[in-house]
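To start, I am sharing the structure in question, which I have written as structure tokens.
Each chain carries a letter (A, B and C) given by its place in the written order, and its residues are counted from 1.
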Amino acid sequence: MTDATMKADDLPEIAPPRSQWRDVWAQFRNHKGAMIGLAVLVVIVLFVFIGPLIWRIGPEQMPTDALTLIRSKNLGPSWGHPLGTDQLARDELARLMAGGKISIAVGLTAMTLSISLGTLVGVLSGYFKRLDGILMRLTDLFLALPLLPLLLVMVMLFRDTIAHVLGLEAGTFILIVSAIGVTSWMQCARVVRGEVLALKEREFVLAAKSIGTPPRRMILRHILPNVLSPVMVAATLGIANAIITESALSFLGLGFPPDFPTWGRLLYDGVDLMQDNPGLVIWPGVAISLTVLSVNYIGDGLRDALDPRIRGR
Amino acid sequence: MKMKSLMLGAAALLAAAPAFGAGRGSDGQLNLLYWQAPSIMNPYLSSGTKDLEASSIVIEPLARYNPKGEMIPYLAADIPTVANGGVSKDLMSITWKLKPGLKWSDGSAVTADDVVFTGEYCMDPKGGCAQLSHFQNVSKIEAVDPLTVKITYKQPMPDPYGPFVSYESPILQKKQFEKCMGAAAPTCTQANFNPIGTGPFEVVNFKPNDVIQLKANPNYRDPNKPAFATVNFKGGGDAAAAARAVFQTGEYDYAWNLQLSPDVLKGMTGAGAKGKVVAAFGSLVERLEMNLTDPSSSLPADERSTAKHPNPILSDKRVREALSMAIDRNLLVQVGYGAAGKPTCNLVPAPAAYADENNTGCLKQDIAGAKKLLDEAGWKMGADGFRHKDGKKLVLSYQTSTNAVRQDFQALIKQWWKEIGVDTQLRNINASVFFGGDPGSPDTFQKFYADVEMYANNFSGTDPQTYLSMYTCDKAPRPATQWQGENINRYCDPAYDKLVAELGQTADLAKRGELAKKMNDMLTKDTFTIVPLVWRGTTSGVANSIAGEDINPWDSELWNIADWSRKK
Amino acid sequence: MLTYTIRRLILAIPVLLLISLIIFMLLKLAPGDPTAQMPLTIPPDVKEKMKEAMGFNKPLLVQYALWLRQFFIVEPLHWCDVLFGTHFATGLQRIISWQTRSPVFDIIWQRIPQTLTVVGMSYLIGVLIALPIGIVSAYRQYSWFDQIGTFVSMVGFSVPTFFTGVLLIVIFSVELGWFPSIYDTTLVVHDWASFAKQVRQMAMPVAVLALYNAAQISRFMRASMLDNLHQDYVRTARAKGMGERVVVLVHVLRNSLIPVVTVIALGVPTIFGGAIITEQVFKVNGLGQLLITAIYADDVPMVQTLTFIFAILIVLFNLVADILYGLLDPRIRYD
């Protein structure tokens, strides 16, 4: 920031004072990987959200008479079905688009929830000694809880209540996202806390403290930007994790109803047919990997762009 | 001195290996793969079919069923009947005679005491015996002489072959289990894992939920059998992986319960496959169960899905019939089961004496007829493509356990029902919750918080009496019974209850068949309370090199493992 | 540091007791039924009697107290008997699994070898390849090496093991026939031939798991290295004329290890937890498979014991991580 203001002072007529965020964006734009990642992510989002408006075959649509169904199942790519058909002659392209809608929404939301929770707990327990003991024991507890019974209990207690208030689909979405978020923040919290413990003893933090910076400002200004890189890694890994966990939930009957395809579920259902109809595993696998890769590069770019030292160069 | 000890050693060897036939142990190792791994070798404490299958090659019953459903003597000399005097005329007692000269694998003799003890072991009130229903109405089991056992019942038993028949009720050795009665049963780990038996193999090493190593029983009654010297009984993985190990890599000789879609199996059993699929049909039927009560979540918890509130949609028989007519059972079989399934309209598909072969009306899909029935029932087609009556949309919730084939069935049936204007909300539930009887869970099949649910059921043995008795009024799951009960549909018809009572007192086989058919029809084609879909076979995979295997839907699939051998 | 360690260890006891109570309540609250896997042909009243015999219906606190007694008194006494030939535990009931009716610890003991060889080995290999990859990727950011590393690790992490495992089986067992698709837990290594067999059956599960672990750890290593490479002290060190190797491998690496140590320490207890999916795919039947089958069968004593041991390891290894922070960065003080 200091760099930016200095530049503005020196050459006021050429460069008008720029906000910090514009600066960040300028740096981000220079990051080739990040821009490609962003472009890919935008394409994927368009594909799953706009795609169904153009490609009008429904994901659950199948031939109604037996003969056509038997004939048109497990087909390879063709003009009618660019990605082929599955074991019930449903269009794989339509299923991939429908599945992406849920997977991307669940992946991004659950990841955001999990890293926000993780960062919050991590920063609080690393920065405030009084909170450290209790928060870290809480983390230990969550790490130790067996995931499956925990999810079963959550669903049993809350499914009907939430579904009543928000409707079946929105209720299921909230439940799944919070189930994944609540059970996956611990690693992020531990990592952030470790970083904060070390940061707290660094010269610049001590200096800021000695001039009386209040804790809130300390955390937002000095601590948070410096723990960003592990958080970004946790975020990238978190998306992949959330997409896969969602599919695990649907097998347990805790996720979306079986007529809502998701990428994770498409991939799982395809595994047994891998040798006969490889498209069923390749396409969802590629979709998940591409999403995670693009988020990873965006994260890389964002971290570089938010780091004042790198941005100055 | 040296010479003498050598001689003694040789003599001891000869004594230890009495007259082994040339056939025993000549074919090396047999590799069996059960993707559900056995947890215990004692069927009386077992929690699943996998355990019964494993124990069936070590311990044996007095008699068991062959693949045709006929009873054949195993430890018994013959099958007691009224004709040969083994069963008393008043049907109050049955007398079994043991084969003479039988030995346990430790060399001691099998006596009637062992049989009597097994009965006492299971009937101990503190033991929690899983096979207690085999000993229903037994008042006394006694040893008449060392080779004769007499079982006396409290009431006339038209089917007296409950105790000690089939792999569910084999004979334990008294000496080994004597200290394991009642509350002590679970503490006898050594006995429960390594039971001494009369079967062709004995346990060498048992690792629960993982692997069992067995070797040929030196005291087996046929000196030429079994052909295999050892058995490696591996558990774990899933059905597809098990199929791969038999058909594609050839690592295993036999894989149990390959419930896989025909697409998957076809890919593995094409040209060059190292094994083949075998299937046999017992009494297992995949069916839709209609909830005759209202599962609406707006009802109070103790009134939901109870007889207090009839189902607002499915109480009308015409709707149930229309739902059944819309289904193409042939396609379901082709998609889900292939050679391991047959379309059926019967709740009791076999044995032939009890199956109604005239009940075939549902086999042909009739969309137009279904639409007409719904019109008659007052459900009119709306602009949204679904039917409405009195401002209410025709929407049903449809649940089942998580399983690839069942989810495919759900998708297909939803599509057909959509065509006749019925909207369906699908749900799948983890099998261990769905089939668990936890009264606290809303998702069990007994609670039935849905309009329609799908699963498979069968009966043990070859007599459907207990099976058909499940649908009496008093067996409906409800809060008063902690939601336990077998009458899942909450079906209640005094005429049916009367038939159940009548069946319980009829001994004549032809008459029994007639009654069973009548009851079967009442539940299926007369009321469409139960909508059978597929008569499911048991499917397994066998390596091409195995001879003598004969898959059995009425008993353990390994029932004749003593006759298995490797083709040369 | 020593007083801190001791204080934490003492504090761990009430924490663990509380965790065990919460786990127990969770397991009992979760819908489940130990007789769920029995055939439907067995009537409900028989199932009810079986549950009665297991002690399923006893009051919750009684069941919990019984488990506590068995875990903390009977089991240690039993192991004392086994080791020293004493007879303290004779007649005392050990923790019995509902599913197998045998002592829980005997089964856990049986499962440890394959879990350690497969899951433990893959973790070790994962860490050993992740660290250098992370370091080089960061040092040569955006080089070809870095880009390929990023690609492989992201794909490795986002493609689940239920897919990679089956893919490997199809390629290497079905098509090429190099490795067995089923892990033999009864194999005893006593000579070169059996050792070769062991290596062959371990190859695929270890590869699948190592890829997954390495992907994760190498990302944290790279990110943390990148953060430190641009710090002022690095410039200072270079200005002082230190060799590049010393600067990177001593100063930067040491300061970058805190998040990596956290992640690795968090991963060690999961070795004990086993790898549920990978074990299932390759039929390894280790602790992961034991846990999942026990959960499905609602075998509360087994699940409770396994998760509690897991909890002990988590508390322990998080303490180890905290101590390592202090060693890596002496400025971090807990006292």
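One rule holds in what follows: a contact is a pair of C-beta atoms (placed from the backbone, for glycine too) under 8 Å apart; a residue touches a chain by one contact, two chains touch by 3 or more.
None of these values were measured; they are calculated from a predicted model.
Novice: In terms of C-beta pairs in contact, which of A-C and A-B ranks higher?
Specialist: Between A-C and A-B, the larger count of C-beta pairs in contact belongs to A-C.
Novice: Could you pull out the chain whose C-alpha mean position is farthest off from that of chain B?
Specialist: A
Novice: I'd like to verify one number: the distance from the centre of chain B to the centre of chain C, where each centre is the average of its C-alpha atoms, in whole angstrom.
Specialist: That gives a centre separation of 37 Å.
Novice: Taking the mean of the CA coordinates per chain, how far is chain A from chain C in Å?
Specialist: Distance between chain centres, rounded to whole Å: 24 Å.
Novice: Quick check: how many Å separate the C-alpha centres of chain A and chain B?
Specialist: 45
Novice: Among all residues of chain A, which ones touch two or more of the remaining chains?
Specialist: 152, 156, 271, 275
Novice: Pull out every residue in chain B that's touching 2 or more other chains.
Specialist: Touching at least two other chains: 240, 433, 440-441, 443.
Novice: Give the residues of chain C touching no fewer than two other chains, as numbers and ranges.
Specialist: Residues 29, 31-32, 166, 295.
Novice: Across the complex, what residues on chain A touch chain B?
Specialist: 60, 62, 64, 66, 69-70, 73-74, 87-88, 90, 152, 156, 160, 164, 168, 250-254, 257-259, 269, 271-273, 275-277
Novice: List the residues on chain B that touch chain C in their complex, please.
Specialist: So the residues of chain B touching chain C come out as 33, 37, 39-40, 42, 45-49, 125-133, 183, 185-187, 189, 192-193, 205, 207-211, 213, 232, 234-238, 240-241, 244-245, 248-249, 251-252, 431-433, 435-438, 440-441, 443-444, 457-460, 466-467, 484-486.
Novice: Which residues of chain C touch chain B in their complex?
Specialist: Checking each residue of chain C against chain B gives 29, 31-54, 93, 96-97, 99-103, 106-107, 110-111, 166, 169, 173-174, 177, 180-182, 184-186, 279-285, 289-290, 293, 295-298.
Novice: Looking at the complex, which residues from chain A come into contact with chain C?
Specialist: 33, 133, 136-137, 139-141, 143-146, 148-150, 152-153, 156, 186-187, 190-191, 193-195, 197-198, 201, 226, 229-230, 232-233, 236-237, 240, 243-244, 264, 267-268, 271, 274-275, 281, 285, 288-289, 291-293, 296-297, 303, 307, 309-310
Novice: Inside the complex, what are the residues of chain B that reach chain A?
Specialist: My answer: residues 240, 260-261, 263-264, 266-268, 297, 328, 330-331, 334-335, 401-402, 404, 407-408, 410-412, 414-416, 419, 425-430, 433-434, 440-443.
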